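The structures come next, written out as structure tokens.
After this come two complexes, each holding subunit A, first together with subunit B and then together with subunit C.
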Partner chain A sequence: MPAGGCLFVIVGTDDKPIYQAEFPEARSQRREDTLHLNQLTVIHAALDMVDELVWGTQAMYLKQVDRFNDFYVSAFVTASHARFMLLHDARNEDGVKQFFTDAYEAYVRLLMNPFFDSGAKVPASFDQRIRLLGKKHF
Partner chain B sequence: MSKVAESCFSFLHMEVVNTLLSPTPTAEELQHAGRRLEVIGYQVGERLAERYTKDRPRFADTLEIIKFICKDFWYEIYGKQIDKLQTNNRGVYMLQDNRHRLLVRCSPAAERQSTAKQMGATYGKFPCGLIRGALCGLGVSSSVGVEMTDVSACQFTVRIQMPQPPQPPTPQQDTSRE
Partner chain C sequence: MASEAERKKVALRRLGDATFSKVDKVSAELFSLTYGAVVTQLLKDYEDVAAANVQLEKMGYNMGVRMVDELLAKASLAQCASFSETAEVVAKVGFKMFLGVNVEVAAATSSEFRLLLSENPLAEFVELPEECSKLEYSGLLCGVLRGALEMVQMRVECSLLRDTLWGDEVTEIRVLLKERLVEEFVDDDE
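Presenting the complex of A and B:
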């Protein structure tokens, strides 16, 4: 498991992942594949917890929804039920809320684009913006 | 995110309706144009719903979503709220707008009084689509109709589609193996 790394996934309203990014940038290719699968599975398992908690509160930021060994999964749900999931370790806990808020702003701007269909691959500009935010907060 | 002048949009909308219709539209043409306007409104409504719910807490149930549409959503787009909301508590809502901004400057020509309501209904298709798109963006699937109650007054009927429980598969006769 990478120390200090975070995995950020946006799951759309139809439960399909729209976007995923890793902070910091993955280094060795082979190691990344096996670790990536592991982390992605944890995030998918946490989606059930999110669906349970979502009806209990009207806030968007759900804080920490699940735990796996020493990794935490935090979630942020938008009004249209798109879920932002972040797998991180205890070291990166502060700034998660700020990161989610900034990522939400970038996501709304992406949706406003009339050329973007939900379910399409996200454009590179959105990817760059999220990576900048990741560098800023983590 | 900046604003657009309302007159700009009014003129654009008028031109869109004119382009879709010939000078003497048949009922079929009106229906066809209405469907296309509704689809345009749907796509706009989805995006606007996402934008206007940005800094608000999420909604607890369908009634709150409808109230959001009547108050904040309509206010952001048209500068006023929906004047009357009625429901039969079984998934049907009636939204009454007494002075709809797109219609307030329309007056029917003297020789076309009889088709004025149909034309008005075509103008009302775009807001129909807006409502349907906004509801869909917030997770509620519905169908929306419009009726003209008066010159520049319209009533939107929203029918919420309840999710159907999955039907068990019916046993099929396998005649292909004979």
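Presenting the complex of A and C:
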């Protein structure tokens, strides 16, 4: 993840990760695997915070839920308890909130597709939509 | 002559609008999600896209043979003089009444017509996954047309030529007139 970049992960209702994307898209593959693993671990750890925080608020956007060194983790929980996690290294609360709201809309459209069930592969159109949002907000 | 046909089209469109306003309605989302659930369940049960296509068409047929009665009861229609007039009635009154969409007729002759659906309430939200790319998601409509027209003495063959779900611009259904059925009376005594 380059400076100013973000890693976006959707964790489904049944605790399985169903989607992940990086903005801006990683150009080189170097050290990708190890880097990725570390970042995913940070997000994974933050999930516990989310599960705690979610009962204390009415809002879906939980703001920043965790930080690790100079990484921040922001979260958004949908009505069906799918969790949107975003790892970022720049403070950008409004942008993140906007991004989450738009991503939620795309996610709802995805859920309305009768051929989609969590566990299935996310169609390319959803990926495109999210990447567009990523470009717009970050 | 052309203006005569135009006038008929306008009258039919008005009739379609009037009939549509008379019938009960359900939420479009409830409708498309229900249909989606039916299609995916068929795919699960038959485990084969081609078999699901056949079933959808059959289901449509069984609906069509009933729906035509409702159409004739709710809309006051005169007898069609030609097959192309039938096409206009199907598009402007039938589709409008049951689906609330405006359908265009193309390439209407005395034995064939094509219906162009620019919007399809059945397929809202749907994206076909790769393994189902041959699925005729709206094949139900073909069955409906076959069933309905059979009840008014026309044996037709319908096929889905294009579908927005396959990446086409519009959904196109071709209806081919095979034969006009003659009423047969069967003696009960035999």
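Keep this in mind: the second predicted complex is superposed on the first by the 133 of 138 C-alpha atoms of A that agree within 3 Å, B and C clash if a C-alpha of one lies under 4 Å from a C-alpha of the other, contacts with A are read in each partner's own complex, and residues count from 1 in each chain.
What we mean here is this: a residue touches a chain if its C-beta (ideal position, glycine included) is under 8 Å from a C-beta of that chain, and two chains touch if they have at least 3 such contacts.
These numbers come from a predicted model, not from an experiment.
Of the two partner chains, subunit C is the only one that A:Ala120 touches; subunit B does not reach it.
When both complexes are overlaid on chain A, the residue A:Leu47 reaches neither subunit B nor subunit C.
Within the superposed three-chain model, A:Met112 lies in touch with subunit B and with subunit C [touch as defined at top]. Within the superposed three-chain model, A:Tyr104 lies in touch with subunit B and out of touch with subunit C [touch as defined at top].
Contacts of A:Gln58 after superposition on the shared chain: subunit B is touched, whereas subunit C is not. Put simply, more of the residues of subunit A are touched by B, taking subunit B and subunit C as the two choices. In the superposition on chain A, A:Ile10 makes contact with neither subunit B nor subunit C.
Within the superposed three-chain model, A:Ala75 lies out of touch with both subunit B and subunit C [touch as defined at top]. Shared contact residues of subunit A with subunit B and subunit C: 112, 114. Across the interface of their complex, subunit A is touched by residues 29, 33, 36-37, 39-40, 124-129, 132 of subunit C. Residue ranges on subunit A touching subunit B, taken from their complex, read 13, 54-55, 58-60, 77-81, 104-105, 108, 111-112, 114. Residues 109, 112-116, 120-121, 123, 125 of subunit A are the ones touching subunit C in the complex. By the touch criterion stated above, subunit B contacts subunit A in their complex at residues 1, 43, 47, 49-51, 53-54, 56-60, 137-139.
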